[in-house]
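Structure, as structure tokens:
Going by the order they are written in, the chains are A, B, C, D, E and F; count residues from 1 in each one.
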Amino acid sequence: MKIVMAIIKPFKLEEVRDALTAIGVHGLTVTEVKGYGRQKGHTEIYRGAEYAVSFLPKIKIEVAVGNDLVERVVEAITATARTGQIGDGKIFVFAIEKAVRIRTGETDADAL
Amino acid sequence: MKIVMAIIKPFKLEEVRDALTAIGVHGLTVTEVKGYGRQKGHTEIYRGAEYAVSFLPKIKIEVAVGNDLVERVVEAITATARTGQIGDGKIFVFAIEKAVRIRTGETDADAL
Amino acid sequence: MKIVMAIIKPFKLEEVRDALTAIGVHGLTVTEVKGYGRQKGHTEIYRGAEYAVSFLPKIKIEVAVGNDLVERVVEAITATARTGQIGDGKIFVFAIEKAVRIRTGETDADAL
Amino acid sequence: MTFRTVLRAGSTGLALAALCAGAALAQTAAPEAPAAAAAALPNKGDTAWMLVSSLLVLFMTLPGLALFYGGLARSKNMLSVMSQITATAIVMCLIWVVYGYSLAFTSGGSLTSFVGSFSKAFLAGVSTDSTSDTFTKGVVIPEYVFICFQMTFAMITPALIVGGLVERMKFSALVLFVVLWGSFVYFPIAHMVWFSEGYLFTLGALDFAGGTVVHINAGIAALVGALVLGKRIGYGKELMTPHSLTMTFIGTAVLWVGWFGFNAGSNLEATAGAALAMINTFVATAGAGAGWLVIEWVVKGKPSLLGMLSGIVAGLVAVTPAAGLVGPMGAIVLGIVAGIVCFFFCTTVKNALGYDDSLDVFGVHGIGGIIGSIGTGIFVAPALGGVGVADYAMGAQVWKQFVAVVVAVLWSGVGSFILYKIVDVVIGLRVTSDQEREGLDIAEHGERAYNI
Amino acid sequence: MTFRTVLRAGSTGLALAALCAGAALAQTAAPEAPAAAAAALPNKGDTAWMLVSSLLVLFMTLPGLALFYGGLARSKNMLSVMSQITATAIVMCLIWVVYGYSLAFTSGGSLTSFVGSFSKAFLAGVSTDSTSDTFTKGVVIPEYVFICFQMTFAMITPALIVGGLVERMKFSALVLFVVLWGSFVYFPIAHMVWFSEGYLFTLGALDFAGGTVVHINAGIAALVGALVLGKRIGYGKELMTPHSLTMTFIGTAVLWVGWFGFNAGSNLEATAGAALAMINTFVATAGAGAGWLVIEWVVKGKPSLLGMLSGIVAGLVAVTPAAGLVGPMGAIVLGIVAGIVCFFFCTTVKNALGYDDSLDVFGVHGIGGIIGSIGTGIFVAPALGGVGVADYAMGAQVWKQFVAVVVAVLWSGVGSFILYKIVDVVIGLRVTSDQEREGLDIAEHGERAYNI
Amino acid sequence: MTFRTVLRAGSTGLALAALCAGAALAQTAAPEAPAAAAAALPNKGDTAWMLVSSLLVLFMTLPGLALFYGGLARSKNMLSVMSQITATAIVMCLIWVVYGYSLAFTSGGSLTSFVGSFSKAFLAGVSTDSTSDTFTKGVVIPEYVFICFQMTFAMITPALIVGGLVERMKFSALVLFVVLWGSFVYFPIAHMVWFSEGYLFTLGALDFAGGTVVHINAGIAALVGALVLGKRIGYGKELMTPHSLTMTFIGTAVLWVGWFGFNAGSNLEATAGAALAMINTFVATAGAGAGWLVIEWVVKGKPSLLGMLSGIVAGLVAVTPAAGLVGPMGAIVLGIVAGIVCFFFCTTVKNALGYDDSLDVFGVHGIGGIIGSIGTGIFVAPALGGVGVADYAMGAQVWKQFVAVVVAVLWSGVGSFILYKIVDVVIGLRVTSDQEREGLDIAEHGERAYNI
């Protein structure tokens, strides 16, 4: 099992969720984050003070999936979250050793 | 060393924290997240517009522990976070290669 | 490739970001979290009710870097985030199997 | 508004003389208050002031009270608090003109000690020509403005109760309860206290702006409600921090500003008597805010904003019956006492007894109202800077005040208990525990207060 | 304010007599309104009330309307809504004293049916000695206070339009549009309706406090703007939940409180007539709030706060032309009808037609204004509790109301369309889609409403 | 309020004549102002207006000023700002009736050029019969209402200072400072400017509503405080974005609305003079808002809401001394100048000098007050549309204005400096750096403004 963790633009969330549902992903967890990268931020001015704001609002999605699905999940996210403009985000994949569904105690594949 | 990452219902946080303290976990990190899964969301209506809100508020707990404690941590969370109703959440376990306590520079087991 | 995940004190964020930029890290993702640990919280009183608040505001930084940079990233964070007082935070390192830049589809080292 | 309670039935002239010796003297010979012609005409200055006072009391309710209470709730229930307060105001506004004003301010025949009749239902007979008396002989105001002003009191009083019931009471149950409570508790008590034939009016207790009718009345109803409903899930175990003291602060400030309409407006004329009520509403409030702040600082170690704000409201409540009757120094003392006593009530006593009067309606409005009511009997003494009343004797006056308090406590306590039970049978008072956990905003209204 | 529209040109005396038989009777013989001496002097009670009314209407705009609208926007556009409303108010305030008051309230020579002249530009000739007439013979108020009161109407009306354009219109384009719209749409319509030589004034339609000039006028301009601008990106697909119903609630409450200045202030005197306007502004509003609440509860299954608040605003709008002319029971009926009809308009009709009038300015102000305008023609009937007008016949009066509505709709509709097109050519109406996605706060103003 | 400063000691009659020729003329023969009988009685219209004005100035402070300032602070200090403003208001309210009113408004014997006596301590001798003079001969208002109105000025002035000290000053130190500053700086300056025997009163400088006593006075005290306290940790390095411009917006709107009480209330009567003060408070404010908006748009490239709001406050400050004395066109010019100059001050000058006047109290209130004070000397000229004063000569008048500014700057500057130092020794002015990092809300009050 893996967790696919993706940082995407906030307004792409619904689309990505739909794409994942379409390929059989039943659950995911979403976090509001701020990203720093090549995408340039903006300047805010409050009276005399100017602030260069370099952290931009992003959405982090975490999806736990069986090994078989990983490739398709990555592809689905890449395809739907892409606008082609700087700041579209990243996908990272890492292994998990165990998954548990708290309600039932089921583990691993059954837990997802 | 592992990180045990659990998605739970928000009102279970205090109970889980107490259970973990009881088995000797000294620290953890908590994030407010939104979850999508089998648990059904709700509909919000604002004047003419109806929105199906499928993301529900959840709490993500991350606990780094030595390998010996992992099983007991998972059990403690499962036991206390369970209500038996859909949406109780998941636990994922993954390995970490290194841990550092910033204050002292101690690493690995000493850092937890 | 690894992800270096650090929990730090909020007001250290800008300093840490600068230190990481200095050693060639081009991107990172930041989450507002709450931490529980040795650092003592505070008591809030609202009319009759007293609450011991044990979760303190922290910042979580996640940086994906190539294996070569990991050591320097950990050092940079340790050096800049340290105040020497309880609650400075932790660094955890774990492996990732894959990285993708959504905009271009580039993978792994090229994606960072 | 209730200077009238000073008057004894049957000796209006005498009481008026006493009044003239008091707050209202400066105006009695004012050129714009012509010595009682056949049909007195309203003075435009009075009308202007009463128009303003009416809108100020609405301002207290919306947004004042809703923000004061809402800020103290958890954010998942913020919208529900605003909804309950708004619906209460709307419903009371409508039934007031349909039959409430009539029940409160007409003669009720054989029942007139307790309630009026339906003779002015639908405001029958009221026109732009009709007028209402003030407390000065020969001075009248347009009846429409009196109806408006009194309407706002009928709107805010049941809204105060909401604070004891929040985070668990069903919206539909609340609306039904408000209609019943308005009809069977508020209108009768208002009649008893403010109409010349009412039981408490004839008793001779002092209540300048509604300490009994509004605050004790609502405070008791909230306490009974909190007991009938039971505690919120997690009460005493989970964190139940106010979700926005910023909102509570705004609400408190709006309450203070609006309360000048409530208290100084109850003078019914724009005179020095109104100004006296105003200055007392300044200083008693400041005294109570300072009192709570200091005592909490000493006892708990930190000066808290919520303490200061709670003290401010306690002071406003305590000075309500006293506003036009005591002197500024008496008002300060009254305020300080209210601040300190209410602090102990909302902390030590409430915790000891263990009921969940969620936003301390009883601790602040009930207790503050009782302190104010009794205190009015004391500080009205000319020797203590008060304006005095005819045949004043402190012991006798305090006794009357005490009797009025007891009557209000019993009527409201028993009446409210019965009405809660009726609503419980008809609709059910409380949401399910799942709904309570999710928050009433989503569960009951399908909306959220914040989507930031 | 627009009792004047009751008067027919050439028969002022007759109309005045009719008026005296109506709302204003109680005051005609008031000792402070001396039987028309050579130069009438203002009554201080009237002046006090009009000073208060003026500041209340500003309060409606800032912060009232800005919070009502802003809370309904997404948080990334909150600051832009506040900026657009504030800038609109400021700009209109300045052009009002420079030439707006003159264009609206002086004789315009051969064009006087449609617009005034520049003879009082820069307030030439106005001093603390000059006065304006009220609707009672011989009663005047200082001209400065009349200018202030009318100024606040000129400030709020274009601000209402903003609600149809939010989240996509350029700030610079809005400012230019407001200047043009004030000059070419608002000032002429205000002249036509409120100046004795204006076209709609002479028509004899009733409009107590500005249903036509303010609400229909702004509602139509917003609808046209929404159509010209097009929908927001993601409209109908993405979540566009109100970012803070707490702010919308505060805004609504402030609107209600301030609206007493708008409606009861339009009586221009502190009399029973103002009190009638006030009570109607209470009960029609409550009726509309209840109407929307109940119908939504029935149709959609949940009682919503936003529904209640929308109903409240719809009721306020509907009672505006009727405030001093109908009786309280007529006002309640008017309110309930407005609440229900506007509900269907903002839900079913708008969704069916598919335009993006973002915050329902047309659905609430346009439709509510039309209901109020027609309803005034009905409920002014003495048989229905209204104050009546000379030679009243329901059919004829409703026809006049209808004509006035049509004229306002056409003038505002055509005028606004042309002005939007001009601004589009000169500056461009809409921000880029990147800016729209990012939010206008950062993109246009370089600031964020919240940094919590 | 300070029309009185027009009067010269010893030539009251003459000055009154001059006044009558000015703003107040319209009322002198009003039927409700009977030609000075032995004991003048208050007019109810005046009393109504002054009651309203008093509550409006409280509204400015709570919640107005607290939200204006609080929104600009970081959210971890929001509650501390609200606490400091509230405590300041409460404390000043109490000491005002205990001895402040007496020190300000009684004769001080040999010290009377600088301060009054304790003869009215605890409001000794004040009753509902006692009255205070207005600026019109024979016209009085109840003394209680005058005390209330002046009390609100005493409450808001030290609250203004808080803006320069936020995010680092200890709560206990602030409370002590306020008591001392009220006693040794505010009451004496109020006496000097507003009491007929005071030094600045006899100088003959013009100050309609308190530009000197309130704004310059507080602006200087804030600047001195910012210098004595030192910069906030991280100033100039860390992000210190306003946590909620929504709150700052609400605060600004409330300030504007309440300021009509401040400025038009200072006329003490509900006359055309008050209306003139009101219209000036509209247009100068709009002019300053527009001025700051445009200059910032040009210089920084974006029109900002905070800029517009800052301009609005700068305009309100600048028009304060001028409100009833200049014409509307003069007021617009004054406003525009204030908007532009204060912009440069809060941006370029402050950054160049590098002090941390956190919320720009000096840049807006200090500088705006000085512009207004000098500008009043210019635009009062009848040739520029002003109402004029006896023996007006622009050069001489501007010189007097300048002297008054210098006196206020010196008295407040030196006095405040000494008092800060005393408080520093007794309590310590500043929280520890850990507390400052954590935020004053938790560290000092044990509460948080938001738990969302």
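Basically, a contact is a pair of C-beta atoms (placed from the backbone, for glycine too) under 8 Å apart; a residue touches a chain by one contact, two chains touch by 3 or more.
Just so we're clear, the structure is a prediction, and the values are computed from it rather than from any experiment.
The minimum number of touch steps separating subunit A from subunit B is 1. Across A-F and C-F, the chain pair carrying more C-beta contacts is A-F. Mostly differing positions are employed by subunit D and subunit F in their mutual contact, as under half of the interface residue numbers are shared between these two copies.
If you average the Cα atoms of subunit B and of subunit E, the two centres end up 53 Å apart. Annotation: 18 Å between the Cα-based centres of subunit A and subunit C. Centre-to-centre spacing of subunit D and subunit E amounts to 33 Å, using the average Cα coordinate of each chain.
In subunit B, the residues that reach two or more other chains under the touch definition are 31, 44-46, 94-95.
Shared contact sites, meaning residues of subunit D that touch two or more other chains, fall at 31-32, 43-46, 48-49, 52, 239, 241-242, 250, 300, 302, 304, 306, 446-448, 450, 452. Two chains count as a pair here when they touch; such pairs are A-B, A-C, A-E, A-F, B-C, B-D, B-E, C-D, C-F, D-E, D-F, E-F. Those residues of subunit B whose C-beta lies close enough to touch subunit D in the complex are 11, 14, 42-46.
On the side of subunit D, the complex with subunit C involves touching residues 72, 239-242, 300, 302, 304, 306-307, 310, 346-348, 350-351, 360.
Across the interface of their complex, subunit F is touched by residues 44-49, 51, 53 of subunit A. Interface of subunit E with subunit F (complex): residues 32, 34, 41-49, 51-52, 54-55, 58-59, 62-63, 66-67, 70, 78-79, 82-83, 86-87, 89-91, 93-94, 97, 122-123, 128-129, 131, 142-145, 147-148, 151, 171-172, 247, 250, 444-452. By the touch criterion stated above, subunit A contacts subunit C in their complex at residues 2, 6-8, 31-38, 54-55, 58, 60, 74, 77-78, 81-95.
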